[in-house]
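Common to both upcoming complexes is subunit A, partnered first by subunit B, then by subunit C.
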Partner chain A sequence: MKPSLVVGGALTALLVGMALLSLVWTPYSPTGIDILHKLAPPSATHLLGSDSLGRDVLSMIMAGARNSIAVSVIAVAVGAGIGVPLGCLAAAKGGMVNEVTMRATDLAFAFPALLTAVMITALAGPGATNAMIAIGIFNIPVFTRVARGAAIVIWQRDFVMAARAVGKTRWAIAVGDVLPNIAAVLLVQMTIQFALGIIADAGLSYVGLGTQPPQPSWGRMLNDAQTYIFRAPLLAVFPGAAITLAVLGLNLLGDGLRDRLDPRLRGR
Partner chain B sequence: MRGLSVAAALFLLPAMAQAKDTLSVGMVLEPPHLDVTAGAAAAIREVTYANLYEGLTRIDEKGEIRPGLAESWTVSEDGKAYTFKLRAGVLFHDGTPFDCDVVKFSYGRAAAADSVNAQKPLFAAIAKTECPDARTAVVMLSQPTASFLFNMGWADASMISPKSAATNKINPVGTGPFKFKNWAKGDRVELVRNPDYWGEKAKLSAVTFRFIADPTAATAAMLAGDVDAFPQFPAPEALDQFKADKRFTVNVGSTAGKIVMALNESRKPFDDVRVRRALAYAIDRKQYIDGILSGFGQPIGSHYMPGDLGYVDLVGAYPYDPAKARALLAEAGIKPGFTMTITTPPPGYARKGGEVIAALLEQVGITVKLAPMEWAQWLDIVFKQYNYDATLIAHVEPRDLGIYARDSYYFNYKNPEYRAIYDKYLAATDPAAQIALLGQLQRKLSDDEANVFISTLPKIGVWNARLRGMWGNLPVPSNDVTAAHWAE
Partner chain C sequence: MLPRLIGLLLTLLAASAVVFFVLEVLPGDPASVMLGTGAQADNLAALRHQMGLDQPAWWRYLAWIGHLATGDFGTSYTYSVPVADLIRERALVSVPLALMAITLSTAIAIPVGVAAAAWRGGPRDLGIMGVTQLGVAMPNFWLGILLILLFAVRLAWFPASGFAGWGAGPLPALRSLLLPALALALPQAAILSRVTRSAVLETLDEDYVRTARAKGLGPAAALWRHAVPNALIPVVTILGLQFSFLLAGTVIIENVFTLPGLGRLMLQAIAQRDLIVVQDLVVLLAASVILVNFAVDFVYLALDPRLRHGGAV
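On to the complex of A and B.
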């Protein structure tokens, strides 16, 4: 097995495990303040120290992972849920449908994704739900493009030709033959979009438009930490490291999966 | 060539040695406009009070009443007629002379039915203004008003020229020692010395107010010398760094600011005094002050500043007691898991403070949703439309017990008993009786816990160590730089 798959898989498992664990247990309440012990350095009581209100940093990072994953998963689900059918439709129908869908994705790509997400959350009000929707909207054209590109290749394969020759409907072919064959490509794209979603969520939270306090989020932890950058630099290091490792893990996982699932790359 | 450059250097030297006479002042918030008689935003006052606009009286650094555009005054025996002797030779920045007609116009405009003055009730007692001659103004009150001279020192009672009244929002014209030069929206307001000022001219030739909302950027701007002074410094956590640095002076003083969690009493369950008391028991003022104000605030028990005339210490009325809070909530029928929304305007005492309040209320079974808002949004939704549950806010107006006696105000506290005491206080002329009534007012507010009274708002200022004449305290919202200058 490729090292990228192992490392990526391990980091992703750690991220997801931490998020799941935070549902049932964190060392302290991630929202519980303890002003007397604020800005404590890492120690046996607070493994990663405490923040400016005395909240336990490890607990906040765990709960932050949960919030971050929730936003990214839903954003990916929104993107794939709408983008993949659109892409498959474009590939299956061709002609005008294909043209219109592709120009629409061109249009969507013309907007800078994160700035538009900022605009959407600013208009609809800050909060995790709106962040999910805003990030999700920008996943749609990505999945449309990827699904269409991969599906067009499959549509020209001999077994599809054969299926059409025996009278199978386009709809049945798209669902029964094409979709299973592009699933691997989509899975890889999902991990990449998942990683981008975590960055986008952190960015939105950093500017105050993502997950709202008192719910912890990595982006806001970074924002809070910058005021204390000289007194307690570790406060910025831990959420920063969490974001980096999560994104690195997901990207490596995506890379590893692609190598493994793509027959042309297999064995290299 | 060399001769030339030496000559140039010699020529430049005197200019370089000349003392600095401009000042750059950092502020967190940008004013929405610059007409101090038409808006509640403290930022308007922080740019214009005493610098640009002046009233008949003015309030000094210690909160004392000083003569402003009136050089002296007398009060009639019944306390209903104030005769102001106006200063001679006062001109507005546009050249309009200041006289009694201006007084009549300014007070009339503030008290008018369509007045947009943020402190309109201050002018309610004025029956009429008479002008026996151009330099004498007689203000007749419908009833004696104890705090009248103090009130007329508020920024809201500034003298406005009839000619410029309509355009003051963008091009403010006053009588002050500085006049308006330029406003780069989103960045700065520039004032320059008024060469025709009636009194002692300002020592500084120009003052720039720069708007830096972000605490980190404010710290960086101070350290880099981009701003010379930050009279209300937004990052108390960075103070140690400035204290250790000889280039800076750190000043911790007082303001008239009272941080309260205002409750919308027209909404259930905040109309129930047991709920309000429970909230007061649930909030640990010490944790809030240590966590949010770096320990610099003083807890308050009512809507009144420690040290003000007639102050009564009611801090102990609702000590931190989560068990009692839970019991009171249960008695009022509030089930655990009850959810309330606290709107938070941008300053740290609210935005960051909200997280502390949320954590404390969670301890007594209340789930808090925090709704951050920009100022414009807050003024509209909370202050104008009364559309909120609770909000964290500092009331920076001095001695403003009167806001609880208003017919309509954003927290909807309507208590006839309180209003009766307040009316008695307004009518009282005997200082001892006034003090007694001030005490009664505070007790009534505390007993009703009209809002949850949390802490005083400290004034934490950082400025260049060579800068002199900055205000140490802020009895009224202002950045009075009329006496500011640089040490040799």
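On to the complex of A and C.
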């Protein structure tokens, strides 16, 4: 097995495990304020120290993982849920449908994603739900493109020609033959968009537009930490390291899966 | 050529319609934000009339587009100055920042990517790939905070935030843009060097590189004269796409370094529901992305003479 698959899988398992664990247990309450022990350095009582309100940083990072995963997973679901059917439709129908879908994705790509997500969340109201939608919208054209590109190749294959020759309907072929054959490509894309979603969510909550306090989020923690950067520099290190490791894990997992699924790309 | 230009104009028009429509659907009435929650109904109606908000949406869209076409960006509700002036002033921060970032990123990524390809499979290649994998995963705003931590807090070489302005000459201004530009550039450089590496790996396997070696060209000459120029097309494609990421990235990076750029202008304008400023900014950014992608097509022609005669790559 490739090392990227192993390391990526392990980091992703760690991320998801940490998030799941935070549902039932964290060392302290992630929202519990303890002003007497604020800005404490890492120690046996607070493994990663405490923040400006005395909250336990490790507990906040664990609960932050949960919130970050929730936003990006739902954003991926929104993107794939709408984008994949659109892409499959464009591939199956061709002609005008294909042309219109492709021009629409071109148009969507003209808007810098994060910037537009900032605009949407700021106007529609800051919060996790709007962050999911804003990030999800920009996943739609990505999945449309990927699904269409992969599906078009499958439509040319002999077994699809055979299925058409024996009178199977386009719809039945799209669902029964094409979709299962592009599932692997879509899975790889999902891990990539999952990783991008975590970065986007962190960016939105850094500027105060994502998950709202008292719910902890990695981006918000970094913003708070910047205020105390001279007194407690480590506060700015841990949440960022959590984001980087989560994204690194997902990217490696995506690379590993791609190599496994498409041997031609090995070693690139 | 002409169909391409018409397509470009249509895309710009569609982009402006999307922006207008999205702002129309999202909540937030500029007049009620200006007057606050305790506003009288008749005052509100008077202000809405004065701002032209009582006119139908399609009419306001046409008026906005008509003015934009003549170079009139309208007047900001909150600052009561022409939006063009606001944007020009802030662009003096954001545009140099973006240019510095893309220059740094290209200057780092191409040599690194080519070197990694030349050392294919060796320990140095693995090392570069590991570092770039980490660079891709790092959010640029966290990198910005780390740079502040190292160069401003620990070493005190650079200011932690703020912009010196262009008044005192270019050097202080460029100095205050260097850390934010690095924060934007390094993650992009990580992606770009990976793309460069795999593009060069591909061309290194081509027959013409083997021919060049067979006729007695050294490995370095074969690499730089034959493999690298032929690998530039995908690199330029990604560079064009990254421009859009870079623009979006400035919004957050300008917040990290409290730079008075276009990103901060946009956040302030959104907070005050100064919709004309938001509309103009988003359309301007979308237009620059569209124009850059248009320009990329011409770079292809310069890089690959085969494309000039309608051939396929």
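As a working rule, the second predicted complex is superposed on the first by the 262 of 268 C-alpha atoms of A that agree within 3 Å, B and C clash if a C-alpha of one lies under 4 Å from a C-alpha of the other, contacts with A are read in each partner's own complex, and residues count from 1 in each chain.
Convention: contacts are C-beta pairs under 8 Å (C-beta built on N, C-alpha and C of every residue); 3 or more make two chains touch, one makes a residue touch a chain.
Worth saying up front: this structure is predicted, and the values here are computed from it rather than measured.
**Q** Classify the contacts of A:Gly203 with the two partner chains as first (subunit B alone), second (subunit C alone), both, or neither.
**A** second
**Q** Per the contact definition in the header, classify A:Val247: touching subunit B only (first), subunit C only (second), both, or neither.
**A** Touch partner of A:Val247: subunit C, not subunit B.
**Q** Quick one: classify A:Lys38 as touching subunit B (first), subunit C (second), both or neither.
**A** first
**Q** Report for A:Leu123: first if it touches subunit B alone, second if subunit C alone, otherwise both or neither.
**A** second
**Q** Between subunit B (first) and subunit C (second), which does A:Gln212 come into contact with in this model arrangement: first, second, both, or neither?
**A** first
**Q** Report the partner of subunit A that touches more of its residues: subunit B or subunit C.
**A** Greater contact footprint in residues on subunit A: C.
**Q** On the A-aligned overlay, A:Phe230 touches which partner chain: subunit B = first, subunit C = second, or both, or neither?
**A** both
**Q** Subunit A residues touched by both subunit B and subunit C?
**A** Residues 226, 229-230, which sit in both footprints.
**Q** Residues of subunit A touching subunit C in their complex?
**A** 106-107, 109-116, 118-120, 122-125, 195, 199, 202-203, 206-207, 222, 225-226, 229-230, 233, 236-237, 239-240, 243-245, 247-248, 251-252, 267-268
**Q** Within the complex, which stretch of subunit B touches subunit A?
**A** Touch residues, subunit B against subunit A: 215-216, 219, 235, 237-238, 240-241, 286-287, 290-291, 352, 354-356, 358-360, 362, 368-372.
**Q** Under the definition above, what is the set of subunit A residues touching subunit B in their complex?
**A** Its residues touching subunit B are 31-33, 35-36, 38, 52-54, 126, 208, 212-214, 226-231.
**Q** For the complex, which residues does subunit C have touching subunit A?
**A** 11, 14-15, 18, 22-23, 26-28, 121, 133-134, 136-139, 141-142, 145-146, 148-149, 153, 160, 198, 201, 244-245, 247-249, 251-252, 255-256, 263, 266-267, 270-271, 273, 278, 282, 285-286, 289-290, 293
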